[in-house]
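Below, subunit A partners subunit B and then partners subunit C, in two separate complexes.
What follows is the complex of A and B.
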């Protein structure tokens, strides 16, 4: 290994990056755009569910129930319909998510002290929203019934709920820290997966081969400038997450940066490995999306909780480095996890990086095919 | 006209030879979408089951065991830790080993037996707010049912009360699989076609073969058609493949009409290829094309309603989503798969998708021609 040669390659790569300012700009723009989408545009908090009401009772009691729903804040009453067919139309056209149907004898039954039934129809095609909506609906109905003086069963068990780490259950606090992992996966894959394939495609690899450069030197030299870009992206993302979105960073910044660097090393090495194996930019780009972005987005526990997945799939997630990074990010941001609690994660991330790097060095052949 | 068809045919043939000359492309285009759909079809689930739960039981009676058993029997909770101190509870939550902790204090059983208000504590890890919310709902539902059962047994009754009868339409068991598999199909097709189109065109420019094409008698419009039709065919084939997997493997129903699904795919591919073509006109290198594709793809997936309902987004963002082809296609494909909707209901989406696709294709063709000359 010769430091000078590594420096020369890193310098060459840097010049090439500078020559393509559009790609560089996109590399810095991407995290900002993704963070803004997650911070401002999307939320998994279920509220303002469009609701239609079919009220055959038209009593003060039924109005009271509807008012209770509206005031809960989770339901927006978008209209009153006049028959079961109209409920069909409202939900089919996917305008409404929830329909409440109050029968004629509703208030009579309630007054007589009988069970007063209400039918609730939810659009179950989005099952998550539907489950949460039903929970809210039950709570809001119970409140409204109590207010209206309907006899409800007072359950002898009183459940006191306490939520730790994210007491207001803000979905932003849960999603945004994990998002840093997604951003870095994308950046790492996009930046390095084409670098070696490009040299082959343009024929400049032959020039590099004719130099005394050794494979590890070439790979390290190529990694350095992208590593720097990746670290800048990470720092930028952390600042946006904390300063702009107000997500609490309860743990140590140093630890956060250290784990991010480990992850970045693995991600960039994987990109290089893809580039070495495919030799064509078209194939490399597809392989990068398949092997890094989609698994990181869908199987890292970032959005979709891993214990909910079937067992064989949970086993696969152990092979996805983003999994360890996402749990470290959540741990550091929300739970103030310390280094000794994240030893396994750090060890596995480092191991992944080293294995991928070694395979890349082994697979890189200084030969014109 | 005949000459034109001939030139386009040659161009398509050349394109296929070029794509598949790289032996790795065949598995990448035809095998990985299938594997991915199978894997992601299972991964993309918001169904909350197997919530890892700990029971911190200071009372240790048959009553507390019965409550724990009921939670486990519901299928939503998996009780696998029995911490014996506050410290142990904190450690389990900190490590993320459990999401929910049930705590029974001394005297819980005697309160229940004396029909006094018996308190128990439920600690939830809020760092996954979705699971926390759903878990909390399940716990209180199961416990109030238990409360009612005890009350019924002891003739402790009240009169009246509200009886809410919920019913879920289209997806009676509230399975998110049915909802998400069509969505995953849509993004698979999007990512494969978008990336292929944008990069394949830029590649000609990058390695200099575009100039060779330009000295041939082929006209710009023919060049565009010859460059996009192969990817449209690949898109159709991938769509067919992943839909087959969705139906056979995941048993996702297709309640609507299959010809309509084919038409929808065609209209969808029009926009996808249009955007791919557009990206190729603004990129000089394949690196730029790949970055730009992602800059389009990532927001398109997030702002499509696939994982996050559009109606929960702020107003301004909702307007932006009107430019997202995935947004319309998701409504169409979910409508056809799950609700059996026909054109009578889906025509606005078809129309919007077609207008979007046609305008993108027109704009990028103009830009493309300008760049050629």
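What follows is the complex of A and C.
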């Protein structure tokens, strides 16, 4: 291994990135754009649900309940309707997701201590939203009932939930740290997947392989500038996540950057390996997206909880490096995990990087065919 | 670097590149089919042939970029089968495609190849200045390579390929797509390097360039069909003679003579007829042209050019 040759490759690569607007955009703009798109689009919190009310009771209690719903922030009352048919129309046609139907004897029953029911119709076509809406609705109605001085609820067992780590149960706090892993997966694989293929396509590789340059020198030289970019991207992402999305970073920034570096090493090496295997920029970029992004998105525990997956799928997730990065990110952001708690994750990320790097070095042949 | 020193110490006529039975097959197709070659140290060896004849495949095998399917050989004393990385330390190679980084400046390209070839210290600056003046681009070191004319690029590519002063350089069609003046200038550089003891192995399909070489090999369909010094080849391989016919209407005359059974080829704005004996054939040509009502301005016997030699050789094979 010759440091001068590594330096020559790294410097050349850096100049090329600097002069190529597309590479620059990919390196610095894409992570920000992705972070915004994902950060704002992916939220499983439910708020401002469009709600219609069919109030046949027209009592102070029924009005109190509707007011309670509105003030909870989860429901937006978009209108009052005057019959079951109108409820159907509202849900089918005008975009209402929830309908509340209060029967005419509701307040009377409530005051007499009898069972007082409210009919709630939820648009179940989005089952996730529907389930969450029902939960909110129950809570909001209980609050309303209490405020109205009914005190109808005195269950024999008083369950008090206390949620740790993310006390407001804001899904954004839970999702956005993992998002850094998804974005870095895409960026890392895409950035490097083009670099070797481009040299084959432009004909410069034929010149390079006629020199004494050794495969590990070429690969390390090419990794260095993209590694630097990856670290800058990570720092940018952390700043956006904390400052813009308001996700608290409870653990150590240094530890976070260290684990990110381990992950980057593997991700960038994977891109290089793909580039070596495909020799074409188009094929390489597609292979990079499919092989890195999809598994990271679906099977890292970022979106779907791994313990809820069928066992065979769970087994596969162990092979996906993003899994370890996602859990490290969540751990550091939300639980202030320390290095000793993340030794397994760090070890496996480093192992993955080393394996991919070694395969890339072995697969790179200084021959044209 | 011992190989390099040994070859420098050897006698001027020492063989520096030699192959026997060199073959490369791609599936059923034999791009190079059992060729034998020897190149002497310090000579300019021209490797000629039409496109697709196997020139690039051969040069890539010699440079260690392509593993031969069969055969054996050495380049600079190193085995082309097992010591390709040693070969790469001792050669310079300029591939057919323009192979510099066209988004880097002139100076950045030179620095890059200095770094790759391990040219360092004072030598680095010295070689950089040499490349810049050799290529005639001393005032353009900050220019992005893409924007330069192809003649300059070609000379810069040559400079980068020899920045480490290799003992053998391989040039694969270095002058294709370059204007005639730049081509001439490029050949001056080749001579200059050869005069300093560098062996130059150059492929071309320009036959006028072949005349500049010390020795030639003609490859056709993967096989070497002729080899020797340009002058010797003209005598040895050209048993026939060439009659040059200058006429007003070249196309018509070509057709007429072809119909009469003459072996004719267009050669610039004249026709070359390859015949067994010039004296006996000349009246026949005259008669055929007159019969068709074509007046010739001159009909004379000429020394065959390399092109005549190769056209007849290729027709034979």
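Note that in this section the second predicted complex is superposed on the first by the 322 of 369 C-alpha atoms of A that agree within 3 Å, B and C clash if a C-alpha of one lies under 4 Å from a C-alpha of the other, contacts with A are read in each partner's own complex, and residues count from 1 in each chain.
Everything below uses one rule, namely that contacts are C-beta pairs under 8 Å (C-beta built on N, C-alpha and C of every residue); 3 or more make two chains touch, one makes a residue touch a chain.
Here the structure is a predicted model, which means the values were calculated and not measured.
Asks: With both structures placed on chain A, which of the two partners, subunit B or subunit C, ends up touching more residues of subunit A?
Replies: Answer, by number of touched residues of subunit A: B.
Asks: Quick check on the superposed pair: does A:121 touch subunit B, subunit C, both, or neither? Answer first, second, both or neither.
Replies: first
Asks: Looking at A:281 after the superposition, I want to know if it touches subunit B, subunit C, both of them or none. Which is it: first, second, both, neither?
Replies: Only subunit B is touched by A:281; subunit C is not.
Asks: According to the stated criteria, A:299 is in contact with first (subunit B), second (subunit C), both, or neither; which is it?
Replies: first
Asks: Based on the superposed arrangement, let me know which partner A:204 touches: subunit B (first), subunit C (second), both, or neither?
Replies: After superposition on chain A, A:204 lies in contact with subunit C alone.
Asks: Return first, second, both or neither, reflecting whether A:8 touches subunit B, subunit C, both chains, or no partner chain.
Replies: Second partner only, subunit C.
Asks: Using the touch definition from the top, say if A:20 reaches subunit B (first), subunit C (second), both or neither.
Replies: Both subunit B and subunit C are touched by A:20.
Asks: Residue overlap on subunit A between the subunit B contact set and the subunit C contact set?
Replies: Dual-contact residues (subunit A): 20, 202.
Asks: Contact residues on subunit C for subunit A in the complex?
Replies: Residues of subunit C touching subunit A: 26, 60, 63-67, 84-85, 88-89, 91, 93-95, 97-104, 108, 111-118, 120, 161.
Asks: Within their complex, state which residues of subunit B touch subunit A.
Replies: Against subunit A, the touching part of subunit B is residues 19, 22, 24-25, 28-29, 32, 36, 39-40, 42-52, 93-96, 99, 111-112, 115-134, 136-137, 139-141, 143-144, 146-148, 150-151, 156-176, 178-179, 191-192, 195-196, 199-200, 203, 206-207, 283-288, 290-295, 298-299, 302-303, 307-309, 311-314, 317, 331, 334-335, 338-339, 341, 345.
Asks: Using the touch rule from the top, collect the residues of subunit A that touch subunit B in their complex.
Replies: By the definition above, subunit A touches subunit B via 20, 22-23, 26-27, 29-30, 33-34, 37-38, 40-48, 50, 91-94, 109-110, 112-132, 134-135, 137-138, 141-142, 145, 150-171, 173-174, 186, 190, 194, 198, 201-202, 278, 280-283, 285-287, 289-290, 293-294, 298-299, 303-305, 307-310, 313, 316, 327, 330-331, 334-335, 337, 341.
Asks: Give every residue of subunit A touching subunit C within the complex, in rising order.
Replies: Those residues of subunit A that touch subunit C are 2, 4-5, 7-9, 11-12, 15-16, 19-20, 202-204, 206-213, 366-369.
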